[in-house]
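Some structures are shown below for you to check.
The two complexes that follow have subunit A in common; it is paired with subunit B in the first and with subunit C in the second.
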Partner chain A sequence: MRHIRKYAKIFQCTFRDQLAYLSAFVTGQIFFVVIIFVFFSLWKVIYGKEGLIAGLSLTQTLWYLTFTETVELSKARIYLTIQNEVKEGSIAYALNRPYSYNGFQTARAMGESLVKMIPILILGFVTTLLFVGPLPGYARALPFGLVLITGGLLLNTLWMLNIGLLAFWTEDVTPFYWIFQKLIFILGGMFFPIDFFPDWLQQTARSLPFAFSAYWPALTMVRFSRHAFLTGLTGQVVYIILLGLTGSLLFRAAQRKVHVQGG
Partner chain B sequence: MILDIKGLNKSFKSPVKAEGLSGRVKSLIKGEYREIRAVRDLSLSVPRGEMLAFIGPNGAGKSTTIKLITGILYPDEGSISVLGMDPHRQRKALSLKIGTVFGQKSQLWYHLPASDSFSLLGSIYNMSAGETERRVAELKEIFELGDFLDQPVRKLSLGQRIRCEIAASLIHSPEILFLDEPSIGLDVVVKARIRDLIKRLNEESGITVFLTSHDAGDIEKLCRRVIVINEGTTVWDGSMKEMKYSLLNRRIIDVKLEEELNLDLPGVSILKNRPYSAKLEADLNRADMKEVMETLIRNNTIQDINVSPIPMEEVIAHIYEGRTAGEAAE
Partner chain C sequence: MRGLIGKYIRFNLAAAMEYRVSFVIQVLGMALNNSAFIFFWLLLFDKVGDINGYGFTEVMLLWSLAAAGFGFNEVFLGNGRYLSRIIYQGELDVYLLQPVPLIPNILCSRMNVSGWGDLAYGIILFLLSQELTPLWIFLFAVSCVLAALLFSSINLFYHSLTFYMGNGENLASAAYNMVLTFATYPGTIFKGASTWIMHTLLPAALVIWIPTELILHFSLSRALFLLAGDGILVATAYLLFKGGLRRYASGNRMGTRL
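So, the complex of A and B:
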């Protein structure tokens, strides 16, 4: 119980600390409005006179992309934080505290992510509404969608944690992050729904971990079904546990590699 | 003994970066390593309640030693016992009993009031909300944080922030406090204040203080004992007084005279010689102070005289340069 309280407090403090950057962050999100506009123009041409592609309407597709972008843009780049701490050696300060380093970083990242998620959701709602009108079933899907979006954020955080810990072996982890991000973009269905893929790829892509960061949360929002929600949730839980485990194995191996920096 | 280290050794392998492309490729296949002995045959013991300065030049092995003591690194050889625990095996348990302040790395949340960071640290150290509250009230009084405890940390002056940092590291009532450059960047008045607080803390609660600093003032004003390490091993371990008065057995003599200085004695060197004043340095291993004074008074008409030990900073610089007690005597 005390342990949960510890990490909940870390989450809560980061959340409130990050609120200070809220207005700067929101101003920086003009980019997001531009992306939605680009997507809108692009998909309007692709749809042409077609009402549905792979069972999704233009309205649904655009809302879908708004939600996958929400997960992407809300992330806290902890792989950079961890890389810096390893490089500078300041990770040593975190090691002599009675908490798990991974737990601390995860709680912190989630605090930051949720501060970013809320304004992005609102901004996305307003912008997408202006372009393509309301999403049918939005209100009903929202509570379930929020659970999966949060799960997607947690999944991404754990990916970044694992990538960040690689800094113990290699000086620069950004290439790993770059590869991971491209996998989310394509296989995770961030740039277009997995339903648009050729059949042979669909099944695989749907069960890969990347889909649970982007595809399943967004799909649950735009085409809600109990099945979609439960599949998304189950997959997220499984991959969160897996990445949590690899993270702690990596950390255990990394501890033997803690070096002296700064004599 | 609160801390007992015997025959500690720790070395690191550092990759040797080869020159040129072919060298790089070669080093990928068969990496060459250079061994760095960061700590060699280090032994020391510290009784409870000690105020200890642990100093040495950059790269001397201070941080490595502290990381070994706190269990972050595992020794190659030798034994460490901190509060009766093996730091590497019982790192979490030990972390509940030690506090750390790093002058250059804040543990406070920047946009939140320090009181929030305090309550977070309370939870991190498994304290109940009530316990934390009582402890914060105590620290608030000792460190006089009342006026600014509820202001965001970013609005505090550096002096106020450091007071909060030190208080933050004491939330869980640790038995050992590691202070790393606590007074970096502070003005003279604030420095003195922080020193007083640390001193009071040590006297009242009996906390053991382990100070690393490059500030001679901190070391001189705070610590009763000094350990100097260089190249991974102890070059001096003794009381502050001893260090100042006997390690470098020299005195600086400033004299004001009515005429030119007339003095020629072995072991006395003239640092400055002006018409009515002079500055001498007497090496007490070669010159007898009594003889120096007598000769001075006999040969000159003295208006004023001031004899002082070598300033602390110079003492430290001498040790850093590798002149240990034996060499200084030569």
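So, the complex of A and C:
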């Protein structure tokens, strides 16, 4: 319990810290509006006179993309923080502190991500509402969607923690991040719902960890069902545990590579 | 000036090669990163067929041109997107004091290594996905160089606003990214006022869409129209930078370029 309080405090401090930069963050989100506009233009042409594609309407698809983008744009890029700490050697100062390095980075990243998520959700709501109108069932799905969006952010944070820790072995981990990001974009259903994939790929893509960062949270919001929510939640819990474990193993292995010199 | 550019390329490449593993990882990583979009468009076209006259091959041409032009800019004119920082930190003095043309000196002095991945990806994608007639190869090569020049002009234009309005770094970065984003989607999906913006303030049309159309259906009058548009964009960026330079005040900052 004492441990949980410690990381909750770190989360709370970062949350409060990030609130101070909220206005600067919101004004920097013009790119989000542009992306929604591009998606709207593309999908409007694709839908043409079709009412539904793969069981989703244009309205549902655009709202779906707004939610997947929310997860993508809210994430705190901790792989860069970790990479810099490894490069500069300042990670040595973190090693003898009375907390787990992975736990500290995760709590901090979640504090930052959740502060970013709220304005992006609001901005996405207004923008998408203007383009395609309201999403049927939004209010009912929102509490469940928020749980899965938060779970998706935690999954992404753990991915980035694992990627950041690779800095102990390679000079620059950014290319690993790019590849991870593209796996979320395509296989995770961030650019379009997995329901649009060919049949042979759908089942596999739905079970991969990337889908639990983007597809399941967004699908729960646009086509709510208890089954979608529970599937999303179960998958997130499993992959969060797995990524947490690989993060611990990586950090343990990485610690053996640290050489601390006096000075 | 050719000597200056050549020397910058040699020095920047030698510096990048000092971290050879990192160089290879970044180049391969970027190429792999871009390849993901092939799957995106493959899956999309598999589901929906044609998008306002664009099929998979046409979108790959769009992508190969955008990636190669962007990569060319990042590799050979890679300092453009750091211009605001150079201005507001008073580091322009270092460039002003050197007896070489100012704008090429600033733009060429940095090479962004991952740009090699974009450049290689764009060229390979073109070679693998398009018809390799002499005319197409020629038009593709010229369009890549022009696209790079325009990407640089967009950087020069928006970052020069820092001379007038304080730190314009975020605006310039957003404009650069928006042009790139618009450029990688078929221009025919956009309608109304937005297309005007994409021909002027965020000129994705000049950088990628019109050159793509030219490769697909060449016409001399259209080529001349494009060159005139490119000329106006380059000249506007140049004039804005020159005007801004008159407002620049030295920070008396001591610095060294290594």
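In this text, the second predicted complex is superposed on the first by the 259 of 263 C-alpha atoms of A that agree within 3 Å, B and C clash if a C-alpha of one lies under 4 Å from a C-alpha of the other, contacts with A are read in each partner's own complex, and residues count from 1 in each chain.
To be clear about the criterion, contacts are C-beta pairs under 8 Å (C-beta built on N, C-alpha and C of every residue); 3 or more make two chains touch, one makes a residue touch a chain.
This one's a predicted model, so the numbers in the text were calculated from it and none came from an experiment.
Of the two partner chains placed by the overlay, only subunit B lies in contact with A:Ile10; subunit C stays clear of it.
In the superposition on chain A, A:Tyr99 makes contact with subunit B only, while subunit C stays out of contact range. By the touch criterion defined above, A:Ser90 reaches subunit B but does not reach subunit C. Of the two partner chains placed around the shared chain by superposition, neither subunit B nor subunit C is touched by A:Phe125. By the document's definition of touching, of the two partners only subunit C reaches A:Ile53; subunit B does not. Within the complex formed with subunit A, the residues of subunit C that make contact are 19, 21-22, 25-26, 28-30, 32-33, 36-37, 39-40, 43-44, 46-48, 51-52, 114, 170, 174, 177-178, 181-182, 185, 188-191, 194. Residues 2, 5-6, 9-10, 13-14, 16-20, 89-90, 92-93, 95-99, 256, 258-260, 262-263 of subunit A touch subunit B in their complex.
Subunit A contributes residues 28, 30-31, 34-35, 37-38, 41-42, 44-46, 53-54, 170-172, 174-176, 178-179, 181-183, 185-186, 191-192, 196-198, 201 to its touches with subunit C in the complex. On the subunit B side of its complex with subunit A, the touching residues are 12, 38, 58-64, 67, 70-74, 91-92, 94-96, 98, 100, 102, 105, 107, 109-112, 116-117, 119-120, 123-126.
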